[in-house]
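Once you've had a glance at the structure underneath, I'll fire off some questions.
Letters A, B, C, D, E, F, G and H mark the chains in the order given here, with residues in each chain numbered from 1 onward.
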């Protein structure tokens, strides 16, 4: 049974997307944000998609992170059935390296938005950070944690490149 | 009220797709195939999409032709909810000339097929011809008409190029 | 000697395409659909192509699945010489990852359709499923098997991603 | 002098981007969301960019919408200097039709997110709708207006295509 | 009835390709090379293609120039049925600007070569010049004319750009 | 006769490139930098190219700006025959919008550099500005003029977009 | 010292291209065509390029095969300095998989043709076959060998795919 | 503490770029040019970027080499804050092989130039050589060393390909 009190839903089209999307989960964990991770295949489980998307707001989610590859319809279809903000992560596909995933997610028609992140791991991490930025608008403690996360990230950048790295 | 006895459903994501998809309708007309043309937006009318796709077989449709542009989710989502053959037409998009439409339609994951045609008018005509080829498998009279259509098409090819053309 | 009573012909441009196209064959097997698998090179064996395509209907085939890579002319040329439905599978090419295969198959001019599937294995599986959908229009038993196949496919989608997968 | 109490900042790289970005402004207007529209060129006015981005949260903005074309650095650089959610709109460029704009905005490295929308007008409208979805998380009245906007949008989709349209 | 004594056959997939291919014809004219211009559609007139290609050497042709657009199969299929040198001209296509034409022509598998020229008018002119270079190997007078053509071409290049041009 | 005392040579592949390259000339004029504008076709006037490139340093040039389109070989070939800095401008081509020009110029192998600017007018302007930056390293007066040019450019950026613009 | 009596010159931009271009050499060997294989770098040895290209006809060459990668200028620059037919082979590049090589070779402006083959090994083989087709126009024995080569190639195509292959 | 007397600053977006950018450093070393290598992340350390770029001229740098990947904003943003010549190196990215890096760097708007080199190692080497060409304009000894470097590079090109290489 899903954790209805999670702030963020991470959905993905298949088990194979988890290798990418787990980076979203881990980033949310690092920021202390609750999340519920599910497989929802737009194509193989359309009923599950409808049920999830239509119920997402009522289930208490505030932000949806959706990852998919190839003809990636999950983020856009979720967005068509909920007014919650949806952030899409194009998973790197085999033949076209995620170019198909990216265009299938980002080129939504006017009316139904999907905030799209980069292809692959970077996009998954950033979907979590964008969700954090959204939630931090009304969560001062989270805002502080996010600032600290960003500051730590900056501090970790070495001044000079290392041959040993 | 839809004509439930039509063999082919032509669905498209918006009114603006009709300029392309009407070529499918006209080709079906030329071959004497009944069709029902509807606007079904995957993103703006997801309920209509679910109702249409789930009921398509019961409504008597045998083939679905679906046209859409940009992040074109209509053909794939229809295919996810019906076992009928679905043929997709990538409508030429403004910025990316239909490259986004093509990839969003053709790159379906294993399990849910969409037979994809060319971008734009040629694809719309050919979706109709492919539907005809499918229907002709069990309609001898249509098979004859399709053969004649193809023969006439061949006969119309001039032997030499004309400067007046 | 070819099995003239097979419903589906799977043709491919070379032995090397079999690694992809065998997924079409296996999917047809799983659905109990007879098929005949052949190598027909549009470029190296054009006579074989002409003989095959012109005789395909008479040989009892109902659907043709054609896979090829690079400047992939096989699906379109087969379609030019038969009124049977032709479904094309772009095989992933070395340098361009199947982008050339895809465009060479899908961008057919108005008049001769090829229903194109995704690049690579997913496309091969889906070509078989699309052929099944076509054949199921007049084969109630197959329609039931196809529904069951799709249902089983849906049922296999786990609710949550697994770290062990 | 900027309206410091606006919820959304719309920034763009040059006057020529306004033809695209005004659609974001108009959509926010339709939803009753206050916004402040500015030209901030990452390349020609880097100081203005730094001042804007670093002060955006203190200035009361909650969401930043940034549009730019070509080597579009504005959204990502704004995001590097504020923890507010930043949504990027790739403006259609002359030679490459916005493919450069899209990649320059969406392919951010892990750590600094930009939620990217579609190229051109659709992206501008959707950036506004995504901003609305974010703001609606804590503004019940806006949530209702957004639901109504979406419902009206769905209701406007005709059932059938019209030759007169 | 075709002029069987022409050295070069110019074939094209449709009347609409003539706007491009006439530049090949005019360039051959300028060089005093005989040519025979025909419409041969690989898809709509496959029999004509077979007859042409198989008979081309016997008909006295020495070089074949083939222009086509989209899923451009004409040059490669002609090359599969004749040992004569075949030069391919990718005609600019509507949606994809000839990128599909180019890849469909140039990416031939090992075994059947097509010497491919640039997309559009430049390619048509150059196909003629390449044919001339081939024919000039055994035609001293033509070699002289070709040298003069190239010299004149060089001489026409102004030293400085002109605002009036 | 060329002005041997000009600091910058602007060369271009054909008269048609002047519509783009004149923006380089005008920008140099605005900065008070002497320039010599010539047509040098790598393909039609290779001797002129060799003579120009080999003599450029001796002729007193300090920087070469080279613009070309399509298979744009001029910048790279000039760079192969001079140790002077060469800046390349990809001219927008008809079919491929300058993508071919860009790759032909920028993807030089290790050993012979071409500093490449954007496709089209922006690239031409920026080639001039980059040349100015180089020359300003040893020309204090020019450095001041360049700073003023950049400052004026920044000052011209309006704070807010205008509907009248 | 070069073998001045070879019919075909194979030139390539660097030693690393030999892994690709040796397939051209081997194919010429199989057909009994003499060839002379050289490294001629357009960028690092422009003088060698000029000397080679200007002297190629006098040296007895009839056809030039030129392979290069990245910003591949060798085929086009050779073609600019000889009236002999030049066939170009785009060598697969590291980052862009030969897309840059292909466009740099094929998109020649009107006036200077390069007959371009496929990216990589297939293109190298086919450049040799195209050279053979050209030479066979005036060499009956070679024409017979080429026909036999093509026939053997056709005969080697198995009728059915093999799981053991 | 940075070496303020270095002529060239090599900056890069992250430690992982050093594998590419060290080739710039090594090439400068080979030419006897002083350089200072730093990590400056446009996105994670924007303050460091501002401080570096604004102080670069005063710090004694004459040329800036900037390498970055993906949405590569570092070269363009550095160029926006210094009048020094900036040369950009697109680092090969994972999913898109550096196509995103290239477009993000090269497609700068008119007003702020970045001289862009090839993707990856070749670009890094060439950025160093271009910097050398610039510095050699006012350093006769360096000009000699650069000429020798180029001559040695030419001399190392073997006449014929080697199977052992």
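Here is the rule we use: contacts are C-beta pairs under 8 Å (C-beta built on N, C-alpha and C of every residue); 3 or more make two chains touch, one makes a residue touch a chain.
Nothing here was measured: the structure is a model prediction, and the numbers come from that model.
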Task: Contact distance in steps, from chain E to chain G - done: 1
TODO: Give the pair among B-D, D-H or E-G whose set of contact pairs overlaps with that of F-G by over half, matching residues by number.
DONE: D-H
TODO: Give a one-word verdict, same or different, on whether chain D and chain H use largely identical residue numbers at their interface, taking over half shared as same.
DONE: same
TODO: Indicate the whole-number Å distance between the mean C-alpha point of chain E and the mean C-alpha point of chain F.
DONE: 35
- [ ] Calculate how many whole Å lie between the centre of chain B and the centre of chain G, each centre taken as the average of the chain's C-alpha atoms.
- [x] 44
Task: Whole-Å gap between the CA centroids of chain A and chain G - done: 49
- [ ] Please compute the C-alpha centroid of chain C, do the same for chain F, then give the distance between them in whole Å.
- [x] 52
Task: Residues of chain H touching at least two other chains - done: 14, 44, 70-71, 96-97, 99, 106-109, 111-112, 118-119, 122, 153
- [ ] For this structure, give each pair of chains that are touching.
- [x] A-B, A-C, A-D, A-H, B-C, B-D, B-E, C-E, C-G, D-F, D-H, E-F, E-G, F-G, F-H, G-H
Task: Residue ranges of chain B touching chain C (in the complex, touch as defined) - done: 23, 62, 83-85, 87, 102, 106-119, 121-122, 125-127, 129-130, 133-134, 136-138, 143, 146-147, 150, 153
TODO: Over in the complex, which chain A residues touch chain H? Could you list them?
DONE: 92, 97-99, 118-120, 122, 153-154, 157-163, 165
- [ ] Would you pull the chain A residues touching chain C in the complex into a rising list?
- [x] 12, 14-18, 21-22, 37-39, 41, 44-45, 48, 70-71, 94-97
Open item on the list: Considering only the defined contacts, which chain G positions touch chain F in the complex?
Closed with: 13-14, 42-44, 46, 50, 69-71, 73, 76-77, 79-81, 93, 96, 99-100, 103-109, 111-112
